[in-house]
Amino acid sequence: MAKPGYILLKLVEVGIIFFVILTALFFLFRLSPGDPISKMVDPMLTPEDMAHLIQQMGLDRPMWEQYLIYVKNFFTGHLGVSFHYGEPVETIIWDKLKWTILLFTTSTVLAAFVGVFLGKIAAWHKGSRLDNVMSISALVCYTLFIPWFALLLLWILGFQWGLFPLGGVLTPALWISNAPLITRILDVLHHLMLPLLTLFVINLGSYLLLMRSSMLSVLSEDYILTARAKGLSEKVIRNKHAARNAALPVITSVGLSLAFSINGGALTEQIFTWPGIGKELIFAVSNNDYPLAQACFLLIALVVLCANLIVDLLYAWLDPRITY
Amino acid sequence: MEKTDTKNRLLVELKQVTKAYAPKKRWFVRSSQPVLALNSIDLGIEHGEVFGLVGQSGSGKTTTGRLLAKLESPTAGEIYFDKTPISQLKGVRLKAYRSRVQMIFQDPYQSLNPHLSIAETVLEPLMVQGIGTRDTRMEKVVHTLDLVGLSPGEAFCHRYPHQLSGGQRQRVAIARAIVLEPQFIVADEPTSMLDATIAIQLFKLLQEIKETFGMTFLFITHNLAAARYMCDRIAVIHEGHIVEVNTAENIIRHPEHPYTKKLIKVQPGFKYGR
Amino acid sequence: MSLLSVENLSIGYQTKKGMLKAVDHIRFDLEEGDSLGFVGESGCGKTTIGMALMGLLPENAEILEGRIRFQGRDLVLLTEPQWRQVRGAKVAMIFQSAMNALNPVFPVDEQIKEAIVTHQPDISDADLSERMKQLFDLVDIPLARMKNYPHEYSGGMKQRAVIAMALACDPALIIADEPTTALDVIVQDQILREIKMVQQKTRTGLIFISHDIAVVASVCERICVMYAGQIVETGTRKEVFKSPRHPYTQTLLGSYLSLDNLKDIKVPDMKESPDQLTDTNECRFSGACPSCDRKCAGRSPEWIEISPTHQAFCCNPGLIRRGHGKN
Amino acid sequence: MLNKYFMLRFYKGWQIFIQNPLGKTGVIILGVFMVMAIASFFVPLIDPMYDPMTGIDPDIKLSTGPSLTHWLGTDNVGRDILAQLLEGAKVAFVVGLSAAFFSIVIGTLVGMIAGYAGGLLDASLMRLADIIMVLPSLVILLILASLFGQFNIWIIVFIIAIMRWPAVSRVIRSQTLSLKHRPFIEASRVAGASHVRIIFRHIMPNVLPLAFLYMTFRVTAAILVEAALSFLGFGDPSQVSWGMMLQWVWKSGHMFQAPYWLIPPGLCISLLTLAFYMLGRAMDEVLDPRLRKEGQSG
């Protein structure tokens, strides 16, 4: 379905929002106490390297020139050099991004599918025991304190029962030993299980509750009555006529709740030492590695915006009423 | 008594009034052409008459009423009230205009604030216009409620809208509109959401009010029969154009415009055959 | 034997204040190919009757007593799977709010096909598309618009599509519940003609529900006037409109503004709407009745026959037989 | 503003609410935490040893399990866990309620003004809301903490409030939009009422129930964010909170050894947020007319 005008409009929107965030971040760095050079340039460097960096970032220029150089540097991919790693931050974060995306997409997609399915069932049997059990469990999942839940999983499933590794993303020995690809993939999956389970449970609750209430409001629509009047079976009404309409607002909320899941994602990565962007950000912030923190933040903002864009496009594709 | 020509007896006059609605903007960009609700209409309403404006949904009839109540402003053209142009009214003069022109809305279930008691609802125009003292205002409210058939007025004062039927709510809305004793009332489909037996009683009430206060009415409706029952003159509006203006009897008996003819033909009635 | 025969039907709603009798001991018959109109004001129970005939009463409603005999079986006794065989196939409904009666995310033709395929699972593709063509021709929607989504239709076209959906399986009975209320008079006129034409062409039984007496008069041969859950007068179109006998029918006709009866307008003095919570045999209209005298109080109304086709439900046989009320 | 109809609705709503099992459970759990928060003021008075921050049991230098003097045990420097838990309840209430209150006030005002004014003001405010809404609040707090150093609890509360008003203002705005063209508002305009009068006399009473509903959800969010921040070590260092207790247990490496220390703080956070959320859900059912619709014939 071609809706080029709509897609273009959304792209422009995302571009503008990102630019605002980029600008806000620049001024935050300049407004905070301490001079920008000590924030962006590692004091441990040799004087020549320092001079080079200062020159590259324009830190000795007036504010507005610094801003222009900052924007230019961002688009050419020069985000500074990490204090801790002593490497350009862009190379560090690209490496981390894939792990975050792996964890995020799997948990979100899984939770969305299961949540939508269960929410549909719960709404259909509104007021029954099944509905009560599911809704209350979903509420509990939704309000669980993520680090605590993660620590409990780690303690019980990882430490006590020894089912899963206590952290990291792969077993070093396996990777040095040149094992076959399938073993390596299984190894990553093994490490993935606990963080995935954490994020899945947390997200599941919100999707289930959303789908349930969306489904309830769709079930009171007139076209459901029409479907009944046609003599359609309850299953067809539920799965075809109600669920499809009810899932639309849930898709929108996936985008809106992304900020929420990012919070959870960072905490989960931190506890399971999953080498993603979230953990890197917390590390950078704890160690005053400003260039790294800034880059992580911008990348997270970009990921959130892109995910929102994808969600919007998905919505436009599924809802025939949206035309531009 | 000096002889007055028609022009001087006009209370309300619309001159080439156009109203265009801009489509929604996103990021300050318009995506399509504006919609013309009213396309350069001319209309005159005389002192003391009930003027009917008949049209289908989307014809611009409600827009006309809203322009007169100054809920919206015309895109082009000018509206004269008592020979004064109203588009530039501001501050004190706008407030004075508001005390002279009131409106009755369509939906009795949405035209009263559920959080205000009946007395508070009818009191509000007096309060914002700063008329009377606390006691005289209350007296006026009770009196007005009696007048619209909610008697005894004291008994209704402390009730809330959810305790009233649709017909009673619409009576409260009428009381709110007449409590300032305005010169001109815009009644926008005041009975279209009510049952026929209730509607006819409200029509009677409006006629009584008109006779008591000598107000001028703009009666907006989709129902030609109701317009004929209520009005002295009728204008038929179609897609933003006034297609025909005439006395009520002449519009029905000798329609000239094809649209009016069609409207009369499809009006449901008891034609027993096919 | 008649197509539909409703005997002694009572339906109640469970509310916080108690059982509200929305339909109270209703009886009527409908012959094959005949049309029957129900007219009454809001809250009189006319929509509830329509829903009961479709087996689609809301959860808090309950059929208290009575029978609905349709094609020889009692619909009241049907189980849900049995109902699904009837709904859409033998009894179909045209709903009040056509604007929302179509599912926004499916094309119109798909939604109509669905109705056919559900009841004739082994229909061939060729037969199906042939049937679709017939239906769209019948309701005057251009075939090119078949695959459009509902939001691309105008209000009138949506209502036509809903009519086509109701006709899809060639039902023996169609229930139309205020099918034109949301439409402009010009479109309303077209849709009413449409319904009447289709009904006569297909010889389908029609039950037409409306608050607008004139609309009912333009479609139906026979009329039932309802008040507070009861039928108060029934007769042919001519009988009810030319010589209404029940005081309520007279009030209703007297307050109806149409272009041809301005002189006959009588402004009623109606008071509170009746209390449908208490179970009583007394006349429900007595509180608002212009002809009610003291003799009525405490008496139960009964059916009074004016002609074999024309009856009224009142306590005052003299009044009914005499005709025009007090005057 | 708090007129008779409001009180009537409140009373009726409360009756439906308290019959709702979710609402009842929520109120009971909240009651327990309330008692805990109040108790926190008295515990240090019994013995300075029970001060949550500085009260170190001289006999214990290690983390020990529950005993008669320390019902839930002590942490690795000998501080009483129960006392810390009670103190945490107080902090959670203060943080949750005040952050929620501020964000509701901002969100309601912005929503009403944007919805009522429309035009450019509406567009700019809502775009701003959109931008803030997509930003993860914890990540923002982390970045700010790294730039400005450790925050005290009130600055954290303030930042959470600033991060969390957009969702509220969106809801209030759409409610205001639907109210704005209701005849009763327009009738008030036709009578000559000022914008301020219309906003506060006609719109506000109609959006307040919704604002209260959102307040319960905001409380939940605020408590979770503050706890997460403390857990990561960026909380107010002068204030014991549940999140900080979890940080201590984790950082000191006791998480696999001292379940009596690991379980209570997290359980408290989860239960308190659950209680507020239950309250919100129950209120939602009270406010949602769809769920109360009674069958009506037509």
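Note that the chains take the letters A, B, C and D in the order they are written out, and that residue 1 is the start of every chain.
Rule of thumb we're sticking to: contacts are C-beta pairs under 8 Å (C-beta built on N, C-alpha and C of every residue); 3 or more make two chains touch, one makes a residue touch a chain.
Everything numeric here is computed off the predicted structure, so don't read it as measured data.
Placing every chain at the mean of its C-alpha atoms, the farthest one from subunit B is found to be A. Comparing each chain's Cα centroid with the centroid of every protein Cα atom identifies chain D as the most central.
Distance between chain centres (mean CA atoms), subunit B to subunit C: 34 Å.
If each chain is reduced to the centroid of its CA atoms, subunit C and subunit D end up 52 Å from each other. Subunit B and subunit D have Cα centroids separated by 48 Å.
As a whole-number value, the distance joining the C-alpha centres of subunit A and subunit D reads 23 Å.
Counting partners per residue, subunit C has 42 as the residues that reach two or more other chains. Taken in their complex, subunit A has these residues touching subunit D: 17, 20-21, 25, 28-29, 32-33, 136, 139-140, 142-149, 151-152, 154-155, 159, 216-217, 220, 256, 258-260, 262-263, 266-267, 270-271, 278, 281-282, 284-286, 288, 290, 293-294, 297, 300-301, 304-305, 308.
By the touch criterion stated above, subunit C contacts subunit B in their complex at residues 41-42, 184-186, 188-189, 192, 196, 211-215, 217-218, 237-238, 241-242, 251-252, 255-262, 265, 267-270, 273.
Contacts from subunit B toward subunit C in the complex involve residues 56-57, 165, 195-201, 203-204, 222-226, 228-229, 252, 262-272, 274.
Chain contact summary for the complex, subunit C toward subunit A: residues 54, 56, 83-89, 92-93, 95, 97, 100-105, 114-115, 118-119, 149, 151, 162, 165, 168. Within the complex, the subunit D residues that touch subunit A are 22, 127, 130-131, 133-139, 142-149, 167, 220, 224-225, 227-228, 231-234, 243, 246, 250, 255-256, 259, 262-263, 265-267, 269-270, 273-274, 277-278, 281, 290.
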